[in-house]
Amino acid sequence: MDATVIMEDAIPFYRPSGNECVLFETAFRQGLPVMLKGPTGCGKTRFVSHMAARLGLSLNTVACHDDLTAADLTGRFLLKGGETQWVDGPLTHSVRQGGICYLDEVVEARKDVTVVLHPLTDDRRLLPLERTGELLEAPDNFMMVISYNPGYQNILKSLKPSTRQRFIGIDFDYPAAEQEVQIICKETGLDRMRCVPLVNLARSIRNLKDLDLEEGASTRLLVYCATLMMAGISPLEAAQATLIEPLSDEESAKEGLLEVVRATFE
Amino acid sequence: MDATVIMEDAIPFYRPSGNECVLFETAFRQGLPVMLKGPTGCGKTRFVSHMAARLGLSLNTVACHDDLTAADLTGRFLLKGGETQWVDGPLTHSVRQGGICYLDEVVEARKDVTVVLHPLTDDRRLLPLERTGELLEAPDNFMMVISYNPGYQNILKSLKPSTRQRFIGIDFDYPAAEQEVQIICKETGLDRMRCVPLVNLARSIRNLKDLDLEEGASTRLLVYCATLMMAGISPLEAAQATLIEPLSDEESAKEGLLEVVRATFE
Amino acid sequence: MDATVIMEDAIPFYRPSGNECVLFETAFRQGLPVMLKGPTGCGKTRFVSHMAARLGLSLNTVACHDDLTAADLTGRFLLKGGETQWVDGPLTHSVRQGGICYLDEVVEARKDVTVVLHPLTDDRRLLPLERTGELLEAPDNFMMVISYNPGYQNILKSLKPSTRQRFIGIDFDYPAAEQEVQIICKETGLDRMRCVPLVNLARSIRNLKDLDLEEGASTRLLVYCATLMMAGISPLEAAQATLIEPLSDEESAKEGLLEVVRATFE
Amino acid sequence: MDATVIMEDAIPFYRPSGNECVLFETAFRQGLPVMLKGPTGCGKTRFVSHMAARLGLSLNTVACHDDLTAADLTGRFLLKGGETQWVDGPLTHSVRQGGICYLDEVVEARKDVTVVLHPLTDDRRLLPLERTGELLEAPDNFMMVISYNPGYQNILKSLKPSTRQRFIGIDFDYPAAEQEVQIICKETGLDRMRCVPLVNLARSIRNLKDLDLEEGASTRLLVYCATLMMAGISPLEAAQATLIEPLSDEESAKEGLLEVVRATFE
Amino acid sequence: MDATVIMEDAIPFYRPSGNECVLFETAFRQGLPVMLKGPTGCGKTRFVSHMAARLGLSLNTVACHDDLTAADLTGRFLLKGGETQWVDGPLTHSVRQGGICYLDEVVEARKDVTVVLHPLTDDRRLLPLERTGELLEAPDNFMMVISYNPGYQNILKSLKPSTRQRFIGIDFDYPAAEQEVQIICKETGLDRMRCVPLVNLARSIRNLKDLDLEEGASTRLLVYCATLMMAGISPLEAAQATLIEPLSDEESAKEGLLEVVRATFE
Amino acid sequence: MDATVIMEDAIPFYRPSGNECVLFETAFRQGLPVMLKGPTGCGKTRFVSHMAARLGLSLNTVACHDDLTAADLTGRFLLKGGETQWVDGPLTHSVRQGGICYLDEVVEARKDVTVVLHPLTDDRRLLPLERTGELLEAPDNFMMVISYNPGYQNILKSLKPSTRQRFIGIDFDYPAAEQEVQIICKETGLDRMRCVPLVNLARSIRNLKDLDLEEGASTRLLVYCATLMMAGISPLEAAQATLIEPLSDEESAKEGLLEVVRATFE
C-alpha cells in the first residue's frame, strides 16, 4: 500500500481501505475490465480519479441514466456542410486515445449500452462501430471501468450474468471510522476534535434500522456538514441541512434522525 | 436576519421564517448546491428570486416536467445555413455565465436530468457536454438550486439517494400566522382587519383531515382571494372562487369547505 | 348582470346563470388566470367567446389532447431556406399579442403543457422560451383561461395542486330550466311550446341514475334535436338521433332512454 | 323514401332500412355532423358513398387506425427545395373544398384526432391549423361523418361524451332478410332461389350464442360466398371458405359452424 | 386438381392436399382477397409461390413484424437532392404493377397495417395514399394474400372481425403421411425407405401432448434432418440437431423427445 | 474430430466437446442456418471464430440488444451531399460478400430482427431490402448463425417456433473438467497444478443450488482468476474478485461462495 501514501498534489487524495489499488493496477496491466460496487458517496468516483492519475491515464467519465444509449457512447452522424459526418462518442474517443473509460451507475443505462461493452471486455478488446463499418482495437493502455450501487438493483435494472462475468469485481463500503475522520479533516480543515463526533453520528445513522432510510449518510454529506460548520453554522443547523433533510422526506424518520443529532450535539 | 428587513425595491419581497437565508448564502459562498423542499405555493420560488437579487446573481429558472430531458438543459445541435450548430440550453448558459440555475419541481423531470447534475454537484463542479466534447468548469458564482414537493413523491417519481446526497436541504412550510397576514397585506393592500380572518380560514382548511384534500390552501390562493375582495367581490364569492374550487372537484369536499368558509364570513 | 342583457350582434349570445361574468372580468382586470369546470356542452366555450367579445380581446382556443405537448403551444424550429427558423405556437402568439389564450380540456394535454403555464400564472406572468432563449413578459391584456370536465378526471389525468392553485375557479352546470328553454328557442327558432317538453326530457335524462350513462344530455344535443324538429323530422326520430344514440351504445340503456322519450312525445 | 328507389347507375346501390337517408340529408342541410354505429360489413361505408353521390358531394374516406394522428388528417410540413412546405391532409383538403369527410372506425384513431374534430363539430365549424396559424371556416357543403362498431368498444377505445355529444347518431344493423336476399342477387347475379338459403344460413349464424363468435357473418361475406358459387365452387366449399374460416380459428367453433352449414346444403 | 400434377420446372413444387388451388384461382379470377391459416412450416409460403408461378403473377412477399407500419408498406418521402421524394413501398408497388402482394404472419404487424388493407379488400379495391393525395385503383391482376398461424394468436395480436371478414379463408395443416414422404424424397434425394421412419417420427412428435411443446415438428425440419443424413450425419445426431433442439429448451421435454427419437432409430 | 486437433496459429484455439464441429461444417456445406444454445462464457463465440477461420470465412458478429432493429442489420439511408444514400448494415454486408453473419444473444433483439431472418433461412436464402427495393440472393458461402442462452428466456423474450424451426440446433455446456484445465493452462500460462483446484472450485460453484445464483462461474472467469494469480495476486483475493463479486450482490450468497473458496485455498 506504500504507493498510496506518497502522493503528489496532482493526484486526487484517496485513502485505500484494502487491496483495491493493487487489484485495480493488476487488472490494468493484464488488460482486464473492472467493476466497482458500493453505496452512494463512499468514494468510488474519487478512487477512479486517483488511480487514473497514479497510472498516468486520461479519464473519461460518463454518468449513466435511463436514456443513455449505445449511440451516445459510440458516436453518431451529424450534419456538417450538407453532409453527415461521424462524431465519436466518449467510449470511441477513449478506445482511440487510450486511457480509462468510466461508466458511473452503469445499471441505469439502456440495455444496448451493456451489450456494446461485450466485445470490448473479452479477450478480443474490440469496438465494432456498426454505423461506420469500423472495427477498433483497444490499445494496451485502454481500460474499461464500470460502477453501480447494488442496493438499488431490481429485476428491471440489473446487469445480466453475461455482462457481469466479463469484469473483475471490487466491493466498496464506507471508510473505517479513523479513516473517515482523516478524510473530513483534510477536505474541510475542520479540527479533529469536531470531526470525531460527526463521524460517530454518521455511523449511528448508518446503523439505524427502524427509520427505513433508503441509504445511510455518505462521507460526502459529512464533508458538507463540516463545511457549513467551518463557515459558522451551528452544528445542529448544519446537521439538519446535511444529515437529515437529504436523507428523508418522512416526518417520523426526520424526527428520529433529529433525536440522534441532538444526542450528539446537545 | 437583519439583512432581510432592509430591502430595496429591486429585491423581491420575502419574509424569512427561519435560518433559510443564512444557510442559502453560506451554501453559495462554499460552492454547495441547495435543495428546497415544501408544499405548493409556500414561497420557494419567491425565496430563490429574493436570494438571487440579494446576492447579485442572475437567475435562470427551469420548470421541470415529464418530458424535460438532459438535452433540454444542456443544449442541442440545430441546423443553421446547412450546418449543425450547437445551441446552449439554460443549464449550460448558467454554467458559462455564472448565477443561479434553479430547477423547479425537479422530480418531474426525466431521470437523465438528475444524472447530468451529478458532476456539477460534487467537488468537481463540472458540466461535461458529451455531444460537443466540451468539459465546462462552473465559475465561483455559479449555484445549483433544485426544489420539489415531498407530498407528491411516489416510487416512480423521487430523487435517488445518489442525487439527494449531493445537496444541502432546506425545508419550507406555510408561513406562521402573523407572517402570512403581513404578506397578504403587503401583496394586495387589503387592510389587516380583513386579512386576519382570511389567514385563519386558510389555517382551518390546512387542518381539515376529513375532506381528503390533496393539499391545503396556499399563501398564493389567499393573495388571490384578497385581490378579488379588494376589487369588490364579496368575501364569500371570492373564497368560493379561490379557496374552494381550486382545492377540490368532489361535491362532498366542496360542501365541507363551504361550511368552513361560511363559518368565517357569515 | 345588466351588461349581458344588452348585447350587440357581434357578441356571441350567452345567458349568465350566476356571478361568472363579473368574476371573469375582475380576474381579467387583476391579471389573474381563470379555470372553468363543468360537464360537456354546458356552455363553457361559448362563455369564453362571449367574454372575449365583451372585453374586446382576441381569443385563441386550443383543444387539448393526449399528444399535445408544450412545444405545440410555445413553438418550434422549422427548416426554411436551409436554416432552422422559429415559429411561434398559439400560446406564444397570445403572449406576444395579448388577448385570451383558452386551453380547452386541459387535463387531456401532456404534463409538460401544464408546467409551461406555471411562470405565466403566478405574479411573474412570464413565458420562458427555452429553445430560443427568450423570456417573454405577458402584456396587461393577456389572460390565461383553462377548462376541464371534473367528471372525467382520474388519477392519471388530473391537475396537480401546484397547477390548480394558480387559477381562480368557476364552476359551471347545465342551465336552469327556464334559461335552457330560452337558449334553445333563440338558437333554433323552435317555438317555446315545443322547447319546454324538450328541456323537461333532458332534465329527466340527467336525473336517470339507473342507466349508468357517462354523462347527461347536453344543451348542445337539445339544440341539435330542436334543429331536426324545425327541419321536419318527427320529435321521436329527432330525439332518437340526438338524445339516445349519442348517449349510449348499450342496448338496455338505449331502451331505458327510449321509454323516457316516448313518455314525453307519445 | 321514394328518392332512394329511383337511382341512376352512377349512384352506388344502397337499400335503406329506415329513416337513415332522410336523417342524413337533414343533418347535411342543417350543417350537423353525423355518427354511424353498427357491426362489421353491414353497409355503413356503402351508405356514405350512396349519400355522397345523391347529394352531389365529393367523398374523402379515411380508415382510422392506432397510429393515425391529427397531423395525418390536418397536414404537415415537408421539405421541398430546401424549404419546409405545408401539405394539406385529407381533413384540411375536405374543409377547403367542401364535401363529406368520412372517418371510418374513428375509435381506433389516436385521441388527438377526435379533439381536432371538436371545433369543426360545434356551431363554429372551424378547423384551426396550429402549425400554420390558419383558421379555416368550413363551407356550407362540408359535412363531417364518423363511424364505429359499438361491439368493439372498450374502456381504452371509446369516444368521450364531449365528442359523442357533437354528433347526430344513426344506428345500423344487418339488413332484413328479404332486403339482404335482394342485395346478394343484385351484387353477384346468383339467382334468388340460391340466395334465400344463404341468407337464412347467415341469420342462423348471427343467432348462434354458444359458439362465442366475435361477430356474426356480414352481408359482405354472403356476397363472397355467392360469388364463389357463381364461379362454380360447391355451396359447401364456398361456405367453408367464406362463412366458417373468416369467423373463427377455434376448432370447436368451426365444427359448430360446419354443422349449421351442412344442415343448410346437404 | 390435374393442373397441379403437370408442373414445369419453373413452377415451385407444391403438392395440394385439398381444394386450395382451385379456391385460390377462383378467388383471383373474382378479385377476392385470400387469407391462409396454418402452423409453422406447413407450406403456406411455398403454396403462394406455386400459385403465383401457375397464374403467371409476380409475387411480392412482406414478412410482417412488431414494428412494421403502414408507411413501410405504402411508401414514404425521402430526401433526394435537397427535396423530399416519394418512394413506393412494396404494397403500393404491387398495386401499381399488379401481381400478388403477400403479407406473411400479418397478425404480427402493427394495427395500421391491417387498416390500410381495408379499402383494397372490399369492392372498391382502392389504395389511398394520404401522404401524396393519390388514390390508386388496383388492376385486375392484383391480388391480396395474407397468412397467419392461429396457434399463436392472443388477444393483443389477432385480426379484428372487420379485417377477417374481408378475406376468403383457406385452412392449412401438415401434409398427410404419404404426401410428406414424397415431399422429403423430392426435396433432399433421401431414399423412400429412410424417409418413411422420419415422417412417422414427426407424426409421433406432433401427437405428444405431455411435453408441452409450442408447436410440432414442421415439414421443413424433416427436410433439414434428411439433408444432414444425406450428408453423412447419423440419424440420431441429425434428429437431435433438427427435431429436438429446435423444438424445446426444457431439459425434460428434450429427454422426452430423445426417447421418441431413440425408439425410432435404435 | 481430427481436424480440430491440428490447428494453425491463425485459427483461434477451440477444444471441441462433441460433434459440434462436424455438424457446423455440414450445415455450412448444405446451406443450412445454425443456432447455438448455452450458458454465459462457455465458448459459443470462440467456437464461431474457430469455425470461421477453419472454413476460411469472414466473420461478422453483431451483439444483439433491446434496441437492435432490423434497420440496424439491413442498413439505412444517410444524408450525403444533400442526398440520402443507402448504407449497408452488417447483415446486408455479409449477404453481399459471403461469410458468416453471427447474431449473438439474438433473443435480446427486437422482434423485427428475427423476421428479417426468415427469407434468409428457408430454401430461398433471400434478403429483401424493402427500403431500396433490392432482393439479394445469398451466395453459397454465406452462413447465418445465431446464439442465445436458454437460461434467460422468458415469455417476452423467446424465439417463436416459426423462427426456431428454421435453424439446426447445437447445444453447448461448460467444458468437461480435464478439458477446462487445459483451456486455462493454455490461455494464462498458469501451471496445471494450480489450475486443477480452480476448475474444481468452479464445478463446486456450478453445483451450488442453495445460493440462488443466476448462473455458475464461467470458463472466462476462471481465466480471469488464473490471470490475476499469475500476476501475483493471492488465490483468495483473486477468487474474491473473479468468482465471488461477479456472481452475486447478495451478502448471504457472497458468504456462501467465500466458504467454498476458503475450503479450496486455505
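Quick notes on this structure:
Think of it as A, B, C, D, E and F in the order they're written, each chain with its own count starting at 1.
Quick note on the criterion: contacts are C-beta pairs under 8 Å (C-beta built on N, C-alpha and C of every residue); 3 or more make two chains touch, one makes a residue touch a chain.
For reference, the UniProt names are A, B, C, D, E, F = AAA family ATPase.
This structure is a prediction, so every number in the text was calculated from the model and none was measured.
Contact with both subunit D (AAA family ATPase) and subunit F (AAA family ATPase) is made by E.
With contact taken as defined at the outset, there is no chain that touches subunit C (AAA family ATPase) as well as subunit D (AAA family ATPase).
Where the sister copies subunit E (AAA family ATPase) and subunit F (AAA family ATPase) meet, the same residue numbers recur on both sides for under half of the interface positions. Taking the mean Cα position of each chain as its centre, E sits at the greatest distance from subunit B (AAA family ATPase).
A rotation of 60 degrees, rounded to a multiple of 5, brings the CA atoms of subunit B (AAA family ATPase) into register with those of subunit C (AAA family ATPase).
Taking each chain's centre as the mean of its C-alpha atoms, the one that lies farthest from the centre of subunit D (AAA family ATPase) is A. Rounded to a whole number, the gap between the C-alpha centres of subunit B (AAA family ATPase) and subunit D (AAA family ATPase) is 53 angstrom. The mean-CA centres of subunit A (AAA family ATPase) and subunit F (AAA family ATPase) are about 31 angstrom from one another, to the nearest whole unit.
Of all residues in subunit F (AAA family ATPase), those touching 2 or more other chains are 79, 82, listed in ascending order.
Taken pairwise by the contact criterion, the protein chains form one closed cycle in which every chain touches exactly two others. By the touch criterion given at the top, residues 40-41, 45, 61-68, 72, 78-82, 87, 89-90, 93, 104-105, 108, 149, 152, 187, 214-215, 217-218, 220-221, 224, 227-228, 231-233, 237, 241-242, 244-247, 249 of subunit A (AAA family ATPase) touch subunit B (AAA family ATPase) in their complex.
Interface of subunit B (AAA family ATPase) with subunit A (AAA family ATPase) (complex): residues 19, 22-23, 26-27, 29-30, 32, 35, 37, 69-70, 77, 79, 82-84, 110-112, 114-116, 118-119, 122-123, 128, 130-131, 133, 150, 153, 160-162, 164-171.
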